[in-house]
């Protein structure tokens, strides 16, 4: 009788033990933001994942980008963050990432296809871990309103042209057709550094610390200042907000008011949808200078967070999202430039893209190849945001007449040094 | 009659005085100034994304007329074209290449007429882009966010009314040691915007284990100094004899509060209720910081999910903004007379 | 006791009140017991308790934490993980050649914020109170549709600051409605947000637009409480209108004015969302307010300089607290306590 009971209890316990994993559901939360249709596409792809993996439930928390930039770091730091997050501040959040290496099916595949970008996501001093994948690779570069050039009857500068060539050409065009903005650049330090490196700026000193205001930088800053003074750049784009506030010139470009717009590859999907073929918008290679003809790389990454409760499940979700076929579909539906080396080499089809968009995508994808190593290094530098913020804030002040350029240079160096010192305490 | 006499409330003697006209003019100007921008918001919310980005803006929501032409799978946009001989025709555009457009007369779909870009004007018609309202509702869990917002607003308002009136009661009816210090302490904190203490409040909420819970949104703002201030001012005007009489009738303090003071303070409570509803409904920054799971999002956060890093979908944002305005407008229309009565009595003394 | 109050006290309770009646009856037992234990003298503390608990947890403790943060450095979130740096953050804040010249300071944006906020608050509150007063006086006249006009003026108060700023941003942009109107009248387009003067002007204008209605209602209520016989007596005496205004209306309205000024000052100093969405603090730092500085120092891309932000907010808090005390002091003296 006793034995029977014990046996029954043991059987029940074993049964529960066996039944356990089958019924236990793991929830993986992803914090996500969207510029266009990425959210929809992601949900669609994840639905298929859930169908094949009944024991994992994936919840996507779509939030405004503001939350990603400002409050997500606080939430993660306090242990209340998601399991996976789409973020742009890779360096700043690197110390919270989870190393997926032990949970992936084939780490070598990840290294082969995401190799150089993994460095951006790794914490300082770490050379081994695999924290995530790139949801897209972006490259900065100029868009040109070709129709305006045609209407003015001016020839466009060729692929090896310098910024001064473009400045002259666009000003002539703008005057002829009455466009208010010959040149427009996103109000972002990130865009500016493409120009700086092309002008020979070295950004770092021999010890690897930032030495921002060198000759190449000053050449760029002086140009930007003169262009604002001379009417080649409209003051209201850079000079109308303060600090490191981001301002894009999408709306002005879409309305045919800008001749040359320095932005990046992420705009293609939106331009395709809203400009359509109202005018010919094309991408051109980055203008050249003594340091090369480079843009700045970037993009948002999908990183795994250290505090994830079920790292194995996270690993499976990430493996699925990194799969070549899944990524190919993702990129082709969102019109993103691939952040996957294999797909980048093979090329991705963009069936929903118009001919203009396809051409632009082609030029940007080629542009990835001509990005300078220094640009990659800067993008991966963990404190790069501090540098970008300081640069845009102080040059913005100079451009709106509040300070002189010399003052701005001093302040930039001081800001960067002070803030890095604070972070390192 | 001088301006000062106009303002000094002399009654017009039955006729329409110029001061009356001036007053009406001033008030009508006020109506245009106050309502105009909101009307503009509502009209703009019906425009398509492309139409919104047009400069200069058009007053009414318009979109370009399109027509289906046999032989083309998408409908073609229509334009008013000035022909070489000066006449104007309505043509559909098949394709645009460079500075020339290939236009077609729908009656003769095979003949292509080349027209220079500057000779054509888009043909517009008033069209309301209702999809601005329906699309986002399909994309996210509107009803759930709405439910969360309603829950937060209602519960928070009830709690606020209760504890603030209790505190105001204590501070107005009684004299006790520490009363002035408490008043000072409470009013002193009136000036502290939550943005300043965002991080410490977040820490407190984490210690209480409330993160991602709607209560984390409800509780921190429940004890509003403004509420205590307003209610106390009002309660100071209540006659003491009622209360003394009740005490002589052996009423407990709690009963005096609940059965006498509270009902008499209804106008002030209504004012506080309206403000609480307004603050809670519009609250954005704090819920954003403390709620990271999408099931607990309030409406404001959900709506703002349309702001990515690099672009904002204006048309959806506008439409959803109009939607958030509606409930509060309705509440306002119902409780409007209380506001005035309540404010009338809180202001005095 | 006014007639209205009497009526309210004896009026039939609304349906909702019966529920309240039940609640009261149920809770009365324990509350009476409590009163017996504590005595009538101590009951106020009981009433005060819930509010104080919330205040302590969510206002005083965070303020204390804030102060603790201001004595620390580094970039960690939890105060226990942050190194103590004493008064260094305050040292940074006050490291100035001259406090009147923001660009001579180490934290130049903070001092710009202070100057801008001071300017904004003084001008905005004065103008808003003035316009509210005028509007209330106009509304107090025997006009038809007063209820409608009151509602209209109050409506913008309901809008969230972000909505308010968005609406006006469109109207004021380079090719917005206002410029369209200007050009049809034959003028040149004005790019408002590039000019520091215009940017501050519109920041103040929009702020007044959004909040005026509330204060108008308070003042209107005060005006309507002034007994008519006073005016009639003055009319019979042949008193000039200006004297009526200055000697009768304004003095009787003074308590309401105090409320309006205090609340307006408080809101003015806290201004952040509206101005930030409207002008972003620009051009340059022309409309950068102190709260924006604090927020950006703590939360802007990667800055997370919680210590410095906390120090700035402590300074701000102290200044505001002193201002409040001064305000209250004035009102007590005037109204005869």
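Residue numbering begins at 1 within each chain, and the chains themselves are lettered A, B and C in the order written.
The criterion applied here is as follows: contacts are C-beta pairs under 8 Å (C-beta built on N, C-alpha and C of every residue); 3 or more make two chains touch, one makes a residue touch a chain.
Only a predicted model underlies this, so the values are computations on that prediction, with no experimental measurement involved.
Of all chains displayed, B has the C-alpha centre closest to the centre of the whole protein C-alpha set. Counting C-beta pairs in contact across A-C and across B-C shows that the higher total falls to B-C.
The geometric centre of chain A is 33 Å away from that of chain B, both derived from CA atoms. Measuring from the averaged C-alpha position of chain A to that of chain C gives a distance of 39 Å. With centres set at the average Cα position, the gap from chain B to chain C is 18 Å. Listed for chain A are residues 69, 71, 74, 78, each touching two or more other chains.
Within chain B, the positions touching two or more other chains are listed as 55, 199, 203.
Multi-chain contact residues, meaning those touching two or more other chains, occur in chain C at positions 77-78, 174, 299.
Put simply, chain B touches chain C in their complex at residues 2, 4-12, 19-20, 23-24, 26-27, 30-31, 33-35, 37-38, 40-41, 44, 55-57, 162-164, 166-167, 169-171, 173-174, 176, 179, 182, 184-193, 195-201, 203-204, 208, 219-223, 226, 228, 233, 238-239, 242, 252-255, 257-260, 262-264, 266-267, 278, 282, 284-285, 300, 321, 324-325, 328-329, 332-333, 336-337, 339-341, 343-349. For chain A in complex with chain B, the residues that touch the partner chain are 29, 31, 33-36, 39-40, 59-69, 71-72, 74-75, 78-82, 88, 147, 150-151, 246, 248, 250-251, 254-255, 257, 266-267, 270, 273-274, 277-278, 280, 300. Interface residues of chain C facing chain B in the complex, by the touch rule stated above, are 1, 4-5, 8-9, 13, 17, 20, 23-24, 27-28, 31-32, 35, 40-41, 43-45, 47-48, 50-52, 54-55, 57-66, 69, 77-79, 134-135, 137-143, 147, 149-163, 166-168, 170-171, 173-177, 179-180, 209, 213, 217-222, 224-225, 231, 235, 241-242, 244-245, 249, 255-256, 259, 263, 266, 269-270, 272-273, 291, 294-295, 298-299, 306, 310, 313, 316-317, 320-321, 323-325, 328, 335. Residues of chain C touching chain A in their complex: 73-78, 83, 85, 103, 106, 108-109, 174, 191, 193-194, 196, 199, 279-288, 292, 296, 299-305, 307-308. On the chain B side of its complex with chain A, the touching residues are 49-50, 53-55, 96, 98-99, 117, 139-140, 199, 202-203, 206, 211-212, 288-289, 292-294, 301, 304-311.
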